[in-house]
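As written, the chain order gives the labels A, B, C and D, with residue 1 at the start of each chain.
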Amino acid sequence: MRFLTAGESHGAVLVAIVDGIPAHLSLTADYINAHLARRQMGIGRGGRMQIEKDRVEILSGVRGGFTMGSPIALLIRNLDWPNWERVMAVEGLLDGEGVTKPRPGHADLPGALKYLHRDVRNVLERASARETAARTAVGAVARRLLEELGISLFSHVVSIGPVVVERVDFDRVEDSPLRCGDPQAEEAMKDVILRAQEEGDTLGGVFEVRVKGVLPGLGSHVHWDRRLDAKLAQALLSIPGVKGVEIGEAFSLSSKPGSQVHDAIYWDVQRGFYRRTNRAGGIEGGISNGEEIVVRGAMKPIPTLSKPLESVDIETKEPFPSHKERSDVCAVPAAGVVAEAVVAWVLAQAVMEKMGGDALEEVVERWEAYRERVRTF
Amino acid sequence: MRFLTAGESHGAVLVAIVDGIPAHLSLTADYINAHLARRQMGIGRGGRMQIEKDRVEILSGVRGGFTMGSPIALLIRNLDWPNWERVMAVEGLLDGEGVTKPRPGHADLPGALKYLHRDVRNVLERASARETAARTAVGAVARRLLEELGISLFSHVVSIGPVVVERVDFDRVEDSPLRCGDPQAEEAMKDVILRAQEEGDTLGGVFEVRVKGVLPGLGSHVHWDRRLDAKLAQALLSIPGVKGVEIGEAFSLSSKPGSQVHDAIYWDVQRGFYRRTNRAGGIEGGISNGEEIVVRGAMKPIPTLSKPLESVDIETKEPFPSHKERSDVCAVPAAGVVAEAVVAWVLAQAVMEKMGGDALEEVVERWEAYRERVRTF
Amino acid sequence: MRFLTAGESHGAVLVAIVDGIPAHLSLTADYINAHLARRQMGIGRGGRMQIEKDRVEILSGVRGGFTMGSPIALLIRNLDWPNWERVMAVEGLLDGEGVTKPRPGHADLPGALKYLHRDVRNVLERASARETAARTAVGAVARRLLEELGISLFSHVVSIGPVVVERVDFDRVEDSPLRCGDPQAEEAMKDVILRAQEEGDTLGGVFEVRVKGVLPGLGSHVHWDRRLDAKLAQALLSIPGVKGVEIGEAFSLSSKPGSQVHDAIYWDVQRGFYRRTNRAGGIEGGISNGEEIVVRGAMKPIPTLSKPLESVDIETKEPFPSHKERSDVCAVPAAGVVAEAVVAWVLAQAVMEKMGGDALEEVVERWEAYRERVRTF
Amino acid sequence: MRFLTAGESHGAVLVAIVDGIPAHLSLTADYINAHLARRQMGIGRGGRMQIEKDRVEILSGVRGGFTMGSPIALLIRNLDWPNWERVMAVEGLLDGEGVTKPRPGHADLPGALKYLHRDVRNVLERASARETAARTAVGAVARRLLEELGISLFSHVVSIGPVVVERVDFDRVEDSPLRCGDPQAEEAMKDVILRAQEEGDTLGGVFEVRVKGVLPGLGSHVHWDRRLDAKLAQALLSIPGVKGVEIGEAFSLSSKPGSQVHDAIYWDVQRGFYRRTNRAGGIEGGISNGEEIVVRGAMKPIPTLSKPLESVDIETKEPFPSHKERSDVCAVPAAGVVAEAVVAWVLAQAVMEKMGGDALEEVVERWEAYRERVRTF
């Protein structure tokens, strides 16, 4: 299982090709669209989220509503493209001048230095978080596969700026515009977002992805690059703005003694081996242990502020204040939805590595046989 | 650049093969041994660190003190092998009974379920942190390459259990048995380690790796799996016991407003573009930005305690108290040294991807040309 | 450098995503289209080549006529799609019955068994050589890069059925409808094609790709999967219908004594090292040696014949005669053009591995420096 | 499944690390040694084959005679090492002068230019076919896995120099010093080898690998780099001296009409689908079709001759006659044994991709279930 995505933020389209999905998986554009819509909700999002209702077109790999085993091509059109056609023209003269003013906290400057671009737009267009729409679509395909195996994922917001949830009711998350399970914290989060907006500032925070239904045995301890937690870490940190990750509450647990950290092992004839605590976040020794998988990502505040940050023009070398009139204030809930997608991808890949198989019926059959084997081990 | 390692904790040897190192790099066993020794220091380490002074043998790929461009094979003998030869015999009957008692917090149980091992030793031998000796050796090779480009790395301990450093003097780290730059914190750390030891408990903590001399432009924003920060995250989380990672102080910065988080851009004719702050930890948009690279790992307390943890025998299904008479109490300083190794590997790989080249002189020449290009951009 | 393609033969589109092309390479749809057109010429091609004049759309990664360093998405529409929309519908009910009659020599039966498809169309749509249009487009991008380094490729036909070229004039190949450099052989080839057409039969043959301007040092002897010749072999055999490959005239040379096979080494101050013969086909020890690269592919006759071949219905298990009214008779010249594309890809990848670099100017600069280094070695 | 090998021809050892072999596979050094011995037989082999009876040591990944799922490290000592210790010293001064005389037909010159080596020994030591001993050992591990699934491989010699087999009795191959199934051809082969030896010349030829017991469905048509035949082609061409490959008799079949080339499909209730001919060599559309897999490699004559070939000293630029007193005359039978190893690897990898699984019992169970599914399709 592998995929590539392409597309610039203001280009005509985003495209993704997904290879290695087994045949006979039911898959519709509507299913993927629902997850694209979840990514676009939130409070404190800028105007673009309103402009574009992302809708996917499945171009290949699916026939009569089922995957064929061949590569799946996905396309999301940029509805705003007519306004950008001349700035982003593939061929011919470009409209307007190049961008020479790099924004701190973005790929703008390091990207320009890497690719020797003197028009920073050639960097920022691809570095934009817009690309995560493509990955959300890809992740939805992986999620569809996981659903067939009884695996489900969701994300919720743990903190926005200084506000941290306390008592979380997971049932309210999907209806919360901030994907927040704690109603009191949610109110406080709305307040800090509003205040940041007034001050021209932005906010980051922490989100959490939880995955139910994963059997033990995904990932492996035998080589560093096969560890499930390490792959999840790479996937999460690959989301723009995410700069930290933990499995379970690793940072806080790193200050506690071992006797309070590890999850004792129990067994009964119905369930086989199980735990009563899940401080490990469902992964031990780089391998899923059958408990809920819990991973968290720390997202930095969005670097495009209305408040100015100092920067330097790459042509004139003159300093200038980097800022933008209107912008998103906080994208943590959306990042959580993207994180679901990348986690779904990593897990589906791990499942396929362990199960093999080219048709869904093979995968399901082997998964259920393994479930029983593990239960009666 | 790629590598594989092999070897069980109580097997005859650890082996690594490293492919893709350019020719003409000077490399000696002594150089690698120095880094193996750094991994073995510390306070609160169990008996094994005393038994084994790890020494590497370079078996291939180096001739007359210089790399040849061919794969480099490294071997570290297990000095304790004679005591284990019958338990770990490659062929023939094994001495003694199998291990059926999985330890919470280890790969023992999920590994047994994955590989259908009824003797848990077949899991724990490879899941042991002993494997990191091989990776430290591999990382030393990468580090040798980085040195030629003016890149240097070191690690220090940020916290052990509840004790966190405050004022850090990096110059004292290498002489500190706990790799701690804050003498006061170091005393407190020794105390908590001693106390944990008395109580049969263990401690985790946080380490930090810092890398100087990296030019902008390593990694890329164009595809998720080419982001430098995400690769570093995978590398760090692949170290046994490490469950969290942050670039810079990402978790703490996720609670601050954007205006206090991003690093303003400056320029002068000597240095080119530079920053006065480094909250981004040297990486923006998945690309190195020329500032010091700063990554942190959160390590859970060692799961092998003298204090008992509940578990279940996989054969009898009887509960038993999992514990061990003597064990390491805290391995955070060593994990930092291993982290240097894996960070060195990721960076060397990123350098080689950007520079190409098969002989060191090519790599250096291109690196210096790029340095100048970036400075005068 | 990597790419994925997607798309079924009668689906709406073919899509490709190409990642890792350096920035600042000039690239236009016209350039790619010219190579797509070369693939569609020939004698003995069925009706489809007339229906579809393949035209690419560049969807991303190119701006103002130059690559940006970001992934390049390419799309080729199927002009016949309206006629297939209901048979190949992505969602909803499919028009018509499934295909249950597998054709010998195609992926039909093994693909159905692998993916457990009971409608063989789900296999044959992707297994069709139509996919090579996408790869030709991808190869054109690689070729554009090679051109900047002074590397050029062409293919010609060595044999069709029993007719083999004798005296080849490479200058006439591009104007020959059969890409044949020997006018007499060309006439004979036309005859055997015509005759095969009359008899409802098909023909295979051998094509050759030649590459000028490659410096020594691409590929490597140090590990099996880094050998240039082996990568070329994989690339060539991945073209549908190609079942054999040789570097130079390997099969015929395997019957000669060594003294007549190897290429003596010469040197002069202008050229550096060079050869007067090129029996090695430009590759020694898995590494380019600076001479012209010469690779040949043996293509089996097209398996869809008007003459019947026995087969068995997968549902009824009844035997049936597998045949088709009209079909291509011979696709060897087209296979040669596709082979240019896949060879261009492998070489561009090898160049980028050796040169590194993210912008074309870096790649060119390093290539020229290396050219000089090799010349004055 | 992946592996790396390391080691120079006259270095202390060859090493290989094999990752991804399922647990519980029985594996002994003797088993591997038997295949190493098969590689060393033959007529017309130089002195070295006598000196070194290769013997493997299994260093990790195997316990009590069974694989553990962890990486398997294999080591083959160079028995002649004491004689080379100073020429090939890893550290310290090297004995003797560097090699400055590149041999035509070897990696010597292109390798020196690539790695900027002025001592050609730094190339030739790794480019030597000695490395195939390591790959033979790796392939033996893969073969052990295939045996558990009822898959068996053997190779035989099709031609040596101008002598081609006619009537082949596969049963006599394993006892033939030339791995030749045609007694008359064998005599003629001995003659041409003897004559070549007298004339200071060398001979190449063609070998064939045949694999019985492969189920349909290995490899895939959906993406170029997943085609089984293309992977086999890369594997075969990666053997030093092999410059051509064909699936079945592709080159000869490329001159025949389609009606004589494709394999009609039959079915009966016992066997399911089957063929009465196997011109496709067991692979259609890049996928195994259940018939015997047949691949051939064309090996060039060994480039180290007693007869001189012209070359140029890389330091003095003076021409010199490249030759060697005594050398192997013909290595085709050995190349066939190496080819078995690399084919075994590719097939085992394809099996594991389709079957998944971490323990042998899972793999076997799934393989048998798939066998039945295919039979009753």
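By definition in this document, a residue touches a chain if its C-beta (ideal position, glycine included) is under 8 Å from a C-beta of that chain, and two chains touch if they have at least 3 such contacts.
Note that the coordinates shown come from a computational prediction; the quantities given were computed from them, not determined experimentally.
Undergrad: Compare the CA centroid of subunit C with every other chain's and tell me the farthest one.
TA: Greatest centre separation from subunit C goes to chain B.
Undergrad: For subunit A and subunit D, let me know how many angstrom lie between their CA-based centres, rounded off.
TA: Here the centre of subunit D sits 44 Å away from the centre of subunit A.
Undergrad: With chain centres taken as the means of their Cα atoms, state the distance from subunit B to subunit D in Å.
TA: That pair's centroid distance is 37 Å.
Undergrad: Could you please state the distance in Å, as a whole number, between where the Cα atoms of subunit A are centred and where those of subunit B are centred?
TA: Using C-alpha averages as centres, the distance is 26 Å.
Undergrad: Two or more other chains touching the same residue: where does that happen in subunit B?
TA: Correct list: 4-5, 19, 69-71, 114, 116, 126, 217, 220, 222-223, 354, 358, 362.
Undergrad: Counting only chain pairs that touch, give me the topology of the graph as line, ring, star, complete or other.
TA: Shape of the chain contacts: complete, all pairs touching.
Undergrad: Could you please specify the touching residues of subunit D with respect to subunit C in the complex?
TA: 4-5, 102, 104-114, 116, 123, 126-127, 135, 159, 161-162, 196, 199-206, 216-218, 220-225, 227, 229-240, 243-248, 250-251, 253-259, 261-267, 273, 280-281, 283-290, 298-303, 305, 307, 309-312, 314, 317, 319, 322, 342, 354, 373-374, 377
Undergrad: Mind pulling up the subunit D residues that touch subunit A in the complex?
TA: Listed in rising order, the residues are 19, 69-71, 217, 220, 222-223, 352-358, 362, 365-366, 369-370.
Undergrad: In the complex of these two chains, what residues of subunit B are touching subunit D?
TA: These residues of subunit B touch subunit D: 2-8, 11-17, 19, 23-24, 28-29, 58-65, 68-73, 75, 88-94, 114-117, 121-122, 125-126, 358-359, 361-362.
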